[in-house]
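Two complexes, one shared chain (chain A), two partners (chain B, chain C).
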Partner chain A sequence: MPKTSKRIYLDYAATTPVDSRVIKVMLSYFSERFGNTMSLHSFGQEAKQALEESREVVGSLIKTKPTEIIFTGSGTESNNLALKGIAFANRKNGRHIIISQIEHPSVLEAAKWLESQGFKITKLPVDRHGLINLNNLKKAIKKDTILVSIIHANNEIGTIQRISEIGKICKGKGVYFHTDATQSFGKVPIDVNKMNIDLLTANSHKMYGPKGAACLFVREGTKIEPLLHGGGHEAGLRSSTVNVAAIAGFAEAARICKREMKKEVKRLIKLRDKLIKGVLEKIEESHLNGHPKKRLPNNTNFWFSFVEGESLVIQLDLLGISASTGSACSSAKLEPSHVLLAIGSKPHQAHGSLRLTLGRWTKEKDIDYVLKVLPGIIGRLRKISPFKKR
Partner chain B sequence: MNTLYSKEIMKHFRHPRNVGKMKNYDGLGKIGNLLCGDILWLYIKVGKDKKGREIIKKASFSTFGCTIAIANSSLITTMIKGKTLGEAMKITKEKLLKRLGKVPPFKIHCSLLAVDGLSEAIYDYFLKNKKEIPKELQKRHERIQKHLKIIEERYKEYVSLEKKILEK
Partner chain C sequence: MRKLRSKKVVAAMPPYKSLQDYTGQAGGSAKKKVIVAMSGGIDSSVAAALLKRASFDVIGIFMKFWSEPSKDGLQGAWNRCCSPEAERRARKVAKILKIPFYIFNFEKEFKKRIVDYFLKEHKAGLTPNPCIVCNKEIKFGLLLEKALALDADFVATGHYALIKKRKDGIHLLRGKDKNKDQSYFLWQLNQKQLKQILFPIGEYTKDEVRKLAKNFKLPLSNIPESMEICFIRTTVNDFLKTHLKGRPGPIAEPRTEASFIRGRQVHYGVKKIVGQHQGLWFYTIGQRKGIELPCGPYYVLDKNLKKNLLIVTKNQKDLYKKKLLAKDVNWISGKEPKLPLKIRAKIRYRHQPASAIITKNLEPKTYTLKFNKSQRAITPGQSVVFLKGQEVLGGGIII
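Then we have the complex of A and B:
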């Protein structure tokens, strides 16, 4: 698919290329079926029909009713809508919200802002693999708790939470449960009813759809306020002229994921485990971050002693491999990744972290190439490092 | 090609010059901290030129850090070789930045590591050889040490960890 020649893209958790089958579907919505979904004429109704079909397809992936899908412009927007929307609609019942320490910044920062507005936030810690403790969660839920928001699969270390158990606890206590499923939607099976999820964030550009389309599943009967007021689109929860092309692309991407999920999960797990095994065997003092089993099929995250991750990513880039790191040196804030610190990594361990995330176009020969060149790069950087002479 | 960094930075990052610890060095500057992620050890060997002035005969470095930290460590060792100590001390942060080319704003502080490392290496040489330490150098040394102390105070746990790793 993507004609990026000799570059090997292993940063699928950051974003994915758009599948050509998705682009094909999208094209007609730019100049032919370009109508405004609110218009009464046939252009408008064509667009409206595409929107409603998309709602059904996207919802079917996680077993929702079509009307429970609210399309938004980004995962960040969906997370903001979930937290702020629930907080303001339910503040008469309480002002306490529970999240985890390893949420995406869009949840962390929204929660921080809510704190400034008089809400109370509890951040649950995680164990060394990135799992929250279910007893801690039970204890944390108080009379005034209105929402629990726990990320389904973490974007950095790939750890998948015990989401069904969390859902059950929340249901038992009568609090809303939101999960940010940006990384897991379309990659692993999700059933919002069996898992007792009330709100769920999903995002198109992490699953081979275009950027600019995402959604929030909102269970029927949930009390929630919109962030955007206006023409009353998306059942009044998200006013804005609907980006039909992107949403139709999102739906097509969801359709493909649904159809190919079983096979793809198997294929990716095989490649992922080969990569993990190879790295740990070939490179001295290399370690795996995240859960050994409960992890996304496409996620690997390592840390290497005596090596700094930013320079490692640039070295890999020079050899055509696109990767990512949680090193402080790579962030504008110059702070190590909050996720790695939360699982107990010391700053120097977080500095030496490397995330390689696989996807639809990752081949076994790509993994072989990484395994061939990575030990040499690590060796070179260690030679420069004052920590250890090799 | 990655356009995050300038050609000069990438040149030194890909092929760093003067890498490694130096035996029988005359001055060693240790700078940086694990918390921010950059550590530089800069070694100098001092000799005399034909006019009898003290010059830097050799320089080398060991760096744990990001692309820019490695690149500017390498760059500064090439800049100071053959220079008198006085000339070397005149290499300012601005001069180094100019040589490095485009630096992302939040990475500027990493580019300054090498200047402080050099300053500390020369200070170490003066101190060991019981030479009179120029006022400017003394001031710089105090500023660097003060900064180090603040970090040590703030992150006691990590600093002791750093020592443990380095002693390995």
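Then we have the complex of A and C:
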């Protein structure tokens, strides 16, 4: 971890530290190459040059044309642009949108709002591992369906959907297919052409880039409306003065991920599996949430019977381990996670869940430390648990 | 980071050491861990600072309660004592004190156990004390449970009250500052809870607490005191109007005096109907304002829920009673003292304790308090607290 302290950060799915190589690239865009990409002069040209290079680098990670990358300010914005942009541009062709039950709130809530605007939303259920049923999807697509939006890798349980099959089905039925790849972009290989993806959300701060930069891949020829109107930046889809420093950082982060992906994935899977095996072996009545195989290389998510997740996370924090009960977004709410409920967990199981997500600076000794202290904490929590076995 | 410098105050104040008794430092054992409920207000902030100074291992907790959703979809609906602003202040204090700080969200439980209870009681024509239930169920219920889950030894709050350990058990006493004393709201606590509670500011006056805040360099000037019910934005009646439907009925003047028969109050008979009310829950015993009758002033004397009747009087003297009945009585020691007993009783928060004799009735199981002097507006639903000297012996709910 870039110089912080002795704390062990195991919440990389919430956000990641910025790689020092990324910061180095970004620095020159604050007071030297600070220009507005729309300006004609040399400052503007420098900025525009950096923006277009970034587009190429980010796009190359998922095999898009550079012009198909629309930079935005956050993953939430990209998801909103995808759903609302497609919905409003295509409402003459139909008002039906399909999502899954385990989408990120930025998709769920955007869909809910669209529902209030007269669109119909179908939420596909998932199995106990978090996978949607492909036959269900086929059946759900109707004449007036305009968009299918299915999260690529779930942010809580790490399950990776069969995205190629979903893409194929959507292509066959002639509906747009969007996937929220916030968690998977840069971590697993994606090819938008082979996978028949029309729109894809990616985010910088989950892959060692800065916050405030994200993108939406929009396939050429897609009918979509912008959320923000103005100076016509980003092919008219996202008017706003371009945040060049953050986007250059995003691109550098993408470059590093692309270069190091193969090795890093191998390393993470080894650590992840050690953690999973260790926890399941050392702690009685512990269970793994999500798919045993089809899961992100850096994701683990457990539930422990008779343990309350919030207390567990605070106990770990007081010992210097940063973890999470579900997603960072729901941590403050204490509602049982909609993802865990969707895979069939009972509310008390969902409350007793712990997500540990690994990353670039996770070392084997960190995993060893977790495995050393976790069983004791669980044991003590169970002793005083209100859900205790009687 | 600023250091805690408070020696000056300490020198100027009596050398209280009760906190040190708890820390476990003297015996050389490990530091005691305490969860302090921080509201961002001056009292709980100073409580946290005092604990930190007394070498406790302090963890700050900010509790989120229920807040009424705003009408008209406007921005900014929140609970008075756990608003984003309060949270921001609490977080700032935690940072200055260098203590870990977490948020506990008790919204659902608070709604169920406090707000719904509050509405239910009002609907039944009673005037409840939600803060008393919150202390029992949330602060020294749920929060205490959570504290144990974090291996804490104590929960601390910024209440003005005192806890004294003696050989015969743990005693709850009124706070040093008699004007701020909040022991009234704590009568439902039991020995098990008290064993795990600290009230660090109970031995200070509000003025001293303000001075301490200044000396601890806590940025807490100009914060409004939390006095009203936290989840009510404007007035109780506004709140009730939103959540309970109106149920108009007659307002009447009484014919005879109400009397007690075998531990039950018998309502007044009606002399004449003088007007219309909008729902009994909008009125509380002794109330003068808002009755809106000509030829007043009138005072609310009683409510007859069965007949949906509001009894009013022009004669304030009618409001004075010598006797009350209490149910759900709790004795803090866990044991009922020998009865009858001479005590002083407080029938509402801002009530000057009055001498009374308490006796027990067997059927139904209630207690009768006979006051030396008549008391104004004894109100069903409110708590009556039994005092002996400075000690809170217990309390009950007035019926």
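Details
In this section, the second predicted complex is superposed on the first by the 375 of 390 C-alpha atoms of A that agree within 3 Å, B and C clash if a C-alpha of one lies under 4 Å from a C-alpha of the other, contacts with A are read in each partner's own complex, and residues count from 1 in each chain.
By definition in this document, contacts are C-beta pairs under 8 Å (C-beta built on N, C-alpha and C of every residue); 3 or more make two chains touch, one makes a residue touch a chain.
Computed from a predicted model, the values in this text were never measured in an experiment.
After overlaying the two complexes on the shared chain, residue contacts for A:Met38 are found with neither chain B nor chain C.
In the superposition on chain A, A:Lys346 makes contact with chain B only, while chain C stays out of contact range. By the touch criterion defined above, A:Ile384 reaches both chain B and chain C. Of the two partner chains, neither chain B nor chain C is touched by A:Leu280.
In the superposition on chain A, A:Ala235 makes contact with neither chain B nor chain C.
Shared-chain residue A:Glu308: touches chain B and chain C both. Comparing chain B with chain C, the partner in contact with more residues of chain A is B. After overlaying the two complexes on the shared chain, residue contacts for A:Asp317 are found with chain B and with chain C alike.
Taken together, the two structures place residues 308, 310-311, 314, 317-318, 332, 334, 384-386 of chain A in contact with chain B in one case and with chain C in the other. Across the complex, chain A is touched by residues 2, 4-5, 13-14, 16, 19-21, 34-41, 62-67, 69-70, 106-107, 109-110, 158, 161-162, 165-166, 168 of chain B. Residues 306-308, 310-311, 314, 317-318, 327-330, 332, 334, 336, 346-348, 351, 383-389 of chain A are the ones touching chain B in the complex. Residue ranges of chain A in contact with chain C, taken from their complex: 308, 310-311, 314-315, 317-318, 332-334, 380-381, 384-386.
Those residues of chain C that touch chain A in the complex are listed here as 59, 100, 102-105, 107-108, 145-146, 148-151.
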